[in-house]
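Everything below concerns the one structure shown next.
Order of writing sets the labels: A, B, C, D, E and F. Residues in every chain begin at 1.
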Amino acid sequence: MFFHVKELQYHAKPERPDPLFAKQLQEVLGGQFGEISVAMQYLFQGWSVRGNGKYKDLLMDTGTEELAHIEMLATMIARLLDGAPVGDLEDAAKDPVIGAILGGMNPQHAIVSGLGAMPADSVGNRWTADYIIASGNLLADFRANLNAESQGRLQAVRLYEATNDRGVKDMLSWLIARDTMHQNQWLAAIAELEAKENVVVPSTFPRQLEKREVSHVLFNFSEGDKSAAGRWANGPTMDGEGTFKYDPCPAAYGDKPKLKPAPPYIHDTLPAALRHNDLPPHLG
Amino acid sequence: MFFHVKELQYHAKPERPDPLFAKQLQEVLGGQFGEISVAMQYLFQGWSVRGNGKYKDLLMDTGTEELAHIEMLATMIARLLDGAPVGDLEDAAKDPVIGAILGGMNPQHAIVSGLGAMPADSVGNRWTADYIIASGNLLADFRANLNAESQGRLQAVRLYEATNDRGVKDMLSWLIARDTMHQNQWLAAIAELEAKENVVVPSTFPRQLEKREVSHVLFNFSEGDKSAAGRWANGPTMDGEGTFKYDPCPAAYGDKPKLKPAPPYIHDTLPAALRHNDLPPHLG
Amino acid sequence: MFFHVKELQYHAKPERPDPLFAKQLQEVLGGQFGEISVAMQYLFQGWSVRGNGKYKDLLMDTGTEELAHIEMLATMIARLLDGAPVGDLEDAAKDPVIGAILGGMNPQHAIVSGLGAMPADSVGNRWTADYIIASGNLLADFRANLNAESQGRLQAVRLYEATNDRGVKDMLSWLIARDTMHQNQWLAAIAELEAKENVVVPSTFPRQLEKREVSHVLFNFSEGDKSAAGRWANGPTMDGEGTFKYDPCPAAYGDKPKLKPAPPYIHDTLPAALRHNDLPPHLG
Amino acid sequence: MFFHVKELQYHAKPERPDPLFAKQLQEVLGGQFGEISVAMQYLFQGWSVRGNGKYKDLLMDTGTEELAHIEMLATMIARLLDGAPVGDLEDAAKDPVIGAILGGMNPQHAIVSGLGAMPADSVGNRWTADYIIASGNLLADFRANLNAESQGRLQAVRLYEATNDRGVKDMLSWLIARDTMHQNQWLAAIAELEAKENVVVPSTFPRQLEKREVSHVLFNFSEGDKSAAGRWANGPTMDGEGTFKYDPCPAAYGDKPKLKPAPPYIHDTLPAALRHNDLPPHLG
Amino acid sequence: MFFHVKELQYHAKPERPDPLFAKQLQEVLGGQFGEISVAMQYLFQGWSVRGNGKYKDLLMDTGTEELAHIEMLATMIARLLDGAPVGDLEDAAKDPVIGAILGGMNPQHAIVSGLGAMPADSVGNRWTADYIIASGNLLADFRANLNAESQGRLQAVRLYEATNDRGVKDMLSWLIARDTMHQNQWLAAIAELEAKENVVVPSTFPRQLEKREVSHVLFNFSEGDKSAAGRWANGPTMDGEGTFKYDPCPAAYGDKPKLKPAPPYIHDTLPAALRHNDLPPHLG
Amino acid sequence: MFFHVKELQYHAKPERPDPLFAKQLQEVLGGQFGEISVAMQYLFQGWSVRGNGKYKDLLMDTGTEELAHIEMLATMIARLLDGAPVGDLEDAAKDPVIGAILGGMNPQHAIVSGLGAMPADSVGNRWTADYIIASGNLLADFRANLNAESQGRLQAVRLYEATNDRGVKDMLSWLIARDTMHQNQWLAAIAELEAKENVVVPSTFPRQLEKREVSHVLFNFSEGDKSAAGRWANGPTMDGEGTFKYDPCPAAYGDKPKLKPAPPYIHDTLPAALRHNDLPPHLG
């Protein structure tokens, strides 16, 4: 169960409106690695933890904080849209700045949301739960979380570079710091779980059931051997189970596949059509 | 540029058809963490590497291998669908097994693909590029890759548990082993980059520009303090920049947001309507 | 900013696992009118209110409650999935009930979420922000909310009819009651706003600017005149601006559209190709 | 069965081309509340009416009219695109207006549709049936319809404000008037059904089966009590079944959820990993 | 502008309900090549024809007919759903046929649409305008149409094979016949346009501007030379512009791509990180 | 199994960066008819061929080549993005060209992909497998392929017209030539299959089972008789099975549909509500 307080977790006031930047800022609200994604990802992971330990609590702590970040961004975007102009080609022709705004802002910020933030990314794709993951395996999921915070901080930093507005920069510096903490915390949680289990997820699958002869081999499927120079091709493997090998000319272990004809009620192409004319006329 | 050889990288022959399992196996072909996802993710990352070092080669090696895994799964699914029945309720009534197949198989395997594999997951959602990530920052992206291989191996293991078919298990044991290698290789690449840069992505953003006072604090937004017991709330931070802190009662740093009214041409609710009647009648 | 308490708003314990019902119950968690939709819809509307009156507070109250409903459903679904079987056609053949489960449950509940709830509907479509609306106009949006609660309660009632599990029914009876309240509250808020403004949204557009001659006419575009018998075709209009009229044979007010040829750089079909042969050979 | 006449229901001729406005106008053709949405929504509702009364006729009348509105908008958009320029950065550099057009128009209007309208919204999201609803319950669905016409008229009005083209304004004034009628008609139909049934949908669920103690209570989940001042927290409820109550401090009725461990074949995190280290080191 | 008549274009009465077949039949209503797709595709193409000749009329004739086919299928599906059961695992356990229905039917047919047809395919994916094409080039589009009718008739035939219900077969035999006509008509229209223009779309691009040396060569990118035996590798080309050639060992015409480093404000991986360690340790 | 070589199939070097054109060029990389679509479509068709003849080889040859085209476009787009600016409204105000770039470029090219190509179209919609088709029937699928190459070449030609950059034009002239070949090859393959089977797909359905009386009739559902003048309404049909007919006034063969009431557990609108008031008051 949740409670809401009216105050924002941190300030969200720009110096001045900027509808073009409002459009860009949508990325970290409603994009693949925006705040909706991390909020929903952590909460769904938390609700699915089968056991009630500290990991569940950590997920609920962080997921709940991310809801506050959605709120901050929604507020900031609404303010960046204050008084956004509407207009057509005639207006665009009169003033290059108005033209750039009319051409470059997200038209849905005027037509659809009435100068409010949208659950969408910087090109207008609506947020989708395709973005999130909760597998029930915490080591797998904490890696998903570390990735999300890495991508998210990277995007926030790129947006920081793209604005001169001190109010926007101030808020982004908060979000960037929180992403720093969240990368640190998932790294810590990952280290704990890797120490208890193994670095290979899931650790519970008996290793003798996999084809161990290819568990530590890098296949060189792209011509050139620069990849032979990496740590991944030399020395002990990260899971402590063997030594990295490099196969410069990977062979095919399987046969050419031949599929049986489909039954007649499927109405695929008839085998006769396929067999017919298979020899080139000049060879037939 | 790519070349194709007709032989499969590894065998893909089931002992017997099983249209219900064909439906399930679609998950690791066309689902969020299926082979299409990793192939496209690694290739797009590789094509975007700005520099021509070993990381680009590694990405192209692995992305190209994943194309072969799509092919193996497509072949296996087609064979699991060999002779799949079609029918209606009358057929279902006659034989419980036929009924279970007709009710449980993916109807599109008959109607749409004509007993072929589909670029879709186990419930029929078509594959979407929403699933993949290529950010230009390799440390961020290798974390995405490690996550993808962790989720992918987990799903392959779950499917291994769900079948008794020795042919299917044999192929899955290959794919699981390759996922073992791929987790190992991304772990190795991550270790290299973390050693060169820092564990916090992106490492190039000046740390003094973020709100450092909240860069290492766990906020307890979910009642109860179990999360205080974790490594993430005690001891030095993973980035070597400080000490983890735990804030049991996080405060709001911002104000209650007040947004300005929209201009009349937006036709949002009039401020008058909002202000009017704000006091309860019995208090007014 | 939000806080989470660990206790559920209401109990979410089934009498026994039922993976098929878990699949169905996803509809009111992650479907078009599931709890994710209403939570996100109310919160986005609340964050966009331009003014700080009681409507914003009402939206935040209710949006925050809906987060608790997501949590209840996620918990219930996880419990309905307790110990869900996995298996293939051989298992299905042995036991019709196992066959029905294996054929009928959502395979992603095992393969993807590891027996956890998913942000998806009852056929596996991932939740999308396409489902929600926040326009900045509160009367419009409260009508969206009333619709959402009407559809949502209807779906919850249909699910109530579909189970014999007393634990599930108990939880649904809570959610149904809350939907009753929410329909009541949006009806009350709508009544208030309609009294202040007008029933036609937006009330701020000058009525003389619309083609008033067709503002109150029902056009009979589907042969037969049963629709002439409704309130919508007789008597004063709901907006108090006129009288309903019925036009049994609606005329076209416009011309046949003729579009100009595209410029050559667009490479549409050449006008010559279009003009050529336009007369039937037997008439030419 | 349908017949088409070549004449448009109303004129759709702009004074001059305006590719930027063409992009914006797509919203009311192919957006969430565009004409495709209402056409498909009313037709699907009509086809599903179980009974052949006036409601079915009304739905078919209106759904068929909306097809004509799609046609008008498609024609208008094609004309706004007449002679739209193509070009690259060099062209943009030469002339700010050309630059604004090239930067701001939807590139698919040139590349994909060849200067034709698209089944997409103003940012290019393709129309999806996620937007529509047909539940079989007419009171629920008429509320969906009233919402659709409210959002649709609001968007048309915003577009009216954004153009100076008298031809476009003329067509929009027609569509706005029709939206006036459609709001009126759904209001009339809703009033009829509410009088026959009850305001709470569905009216057929026995009220004693819901948790009546929470059917009329507003829970104050967002700190502050402004929402206590509304009609929804005072006086008789809209369904005539009770009195609104306000709960300033909502309690949790449920327990902290504890989920059972998953079976081993699911390979979730092992309970051992979860239990381990649960006490903080400084407390252990 | 459109008019609707209440009578169906053809009968749509099954002998008996069959909820499983109702689910399958959704494919040709709301799937990629269902009736919604062809209706919308032809209408959008028709509305975009720049010229008013017979092609526009043909498109409007056929698009309007397809609306009637949507209606027939919606009616048939509603009747196949008559009295569809609801229930949970207990019900499934009692009766294998009920179990097969409960496991195999689309749960949204009960929960969401209330026994009505849905704008979705046979696995529940909602219809999307991603499926359709209208390019402004009629030869290109008529090929899209021929494909749509080919895929659509194939799916209808597969469904015909999957049912014993004489009412359903009767309706499908109508739709299959109409697909026969529509394939014939698009073939005729294509033949006309190919005769006027050329078989290569668009015919208006000056052939000397393309790299003519590769305009008629089959590159053998998949090992083995069976494809050398086809008409496409021997004899005059279909466009009358040359002779088919077969290149057994296609060469790369381009260089290895080297991309410049990104500017610092993008925060991609630093070139230093990329250059570092590029030589293998055992070679360094 | 696949191998990659580092060299591009053809050059992909622009004369100068152009972020606006990079956005447009995404259409033929990740749009509906971009290179991802044709690569995936041909490969999935190839993997599903049930038989091992030349058609499978042809599909694998061409699908593998298309992977090289994705690579060329990804490289070109990355180079067009070299040094793309970031900035806000202040920057836009200073320089109209910078303003046009900031307003017109895809913001995700900076924020999300870090100046790399994306698996998306020119407005940012992510690539989806909704775009592709593999039905198991080769004649149907080769028609899909001919359509894809027709739409794809049309789009490439439109992009060729939209740029002055000689490097871009050079690469496009290669892709356009390959599309010429691919149209030629699918035309050749179609001709072969049509000669073996029949022009109507699928050819294996017994023609006497369709309603032959409507297999060759054009129904005039759009007022006006211009379509009577086409080849499709006169002379022998393309399948050699009859003569085209034109029906100027198509009749309805079916009845008005009447659906049975839903069972009470579905909670659709009660029949009583539907029957009530069906007669107009002035007629009652």
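The definition used in the following text is that contacts are C-beta pairs under 8 Å (C-beta built on N, C-alpha and C of every residue); 3 or more make two chains touch, one makes a residue touch a chain.
Per UniProt, the chains are A, B, C, D, E, F = Catalase.
As the structure is a prediction and not an experimental result, all values here were calculated from the model.
*Asks:* Taking shared residue numbers divided by all residue numbers at the interface, is the value for subunit A (Catalase) and subunit B (Catalase) over half (same) or under half (different)?
*Replies:* Same, since most residue numbers here occur in both copies.
*Asks:* In whole angstrom, how far does the Cα centroid of subunit A (Catalase) sit from the Cα centroid of subunit F (Catalase)?
*Replies:* Result: the chain centres lie 27 Å from each other.
*Asks:* Which subunit C (Catalase) residues sit where two or more other chains touch them?
*Replies:* If we look for residues of subunit C (Catalase) contacting two or more partner chains, we find 1-9, 32, 47-48, 50, 52-55, 60-61, 64, 68, 75, 78, 86, 96, 99-100, 103-104, 110, 112, 114-115, 123-126, 128, 130, 135-137, 139, 154, 157-158, 161-162, 192, 202, 205, 221-222, 224-226, 229-230, 250, 252, 256-257, 259-260, 262, 265-268, 277-278.
*Asks:* So that we know how the chains sit together, what is the shape of their touch graph: line, ring, star, complete or other?
*Replies:* complete
*Asks:* What does subunit A (Catalase) use to touch subunit F (Catalase) in their complex?
*Replies:* It comes out as residues 16, 18-21, 23-24, 27, 31-32, 96-97, 99-101, 103-105, 121-125, 154-155, 158-159, 161-165, 221-224, 250, 252, 256-262, 264, 266-278.
*Asks:* Which residues of subunit F (Catalase) touch subunit B (Catalase) in the complex?
*Replies:* Listed in rising order, the residues are 1-9, 30, 36, 40, 43-44, 47-48, 50, 60-61, 63-64, 67-68, 70-71, 74-75, 78, 112-120, 126-130, 132, 134-137.
*Asks:* Enumerate the contact residues on subunit A (Catalase) facing subunit B (Catalase) in the complex.
*Replies:* 5-12, 32-33, 52-58, 60-62, 64-65, 68, 72, 75, 78-79, 82-83, 86, 110, 114-115, 128, 130-131, 133, 135, 137, 139-140, 143-144, 146-147, 150-151, 153-154, 157, 160, 173-174, 176-178, 180-181, 183-185, 187-189, 191-192, 199-202, 205, 207, 209-222, 224-227, 229-232, 237-239, 244, 250, 252-257, 259-260, 262-263, 265-268
*Asks:* Using the touch definition up top, name the residues of subunit B (Catalase) that touch subunit D (Catalase) in the complex.
*Replies:* Residues of subunit B (Catalase) touching subunit D (Catalase): 154, 157-158, 161-162, 226, 228-230, 233-234, 265-267, 277-283.
*Asks:* If you look only at subunit B (Catalase), which of its residues touch subunit E (Catalase) in the complex?
*Replies:* Subunit B (Catalase) reaches subunit E (Catalase) through residues 1-6, 47-55, 86-93, 96, 99-100, 102-104, 106-108, 110-112, 114, 123-126, 135-139, 192-193, 196-197, 202, 204-205.
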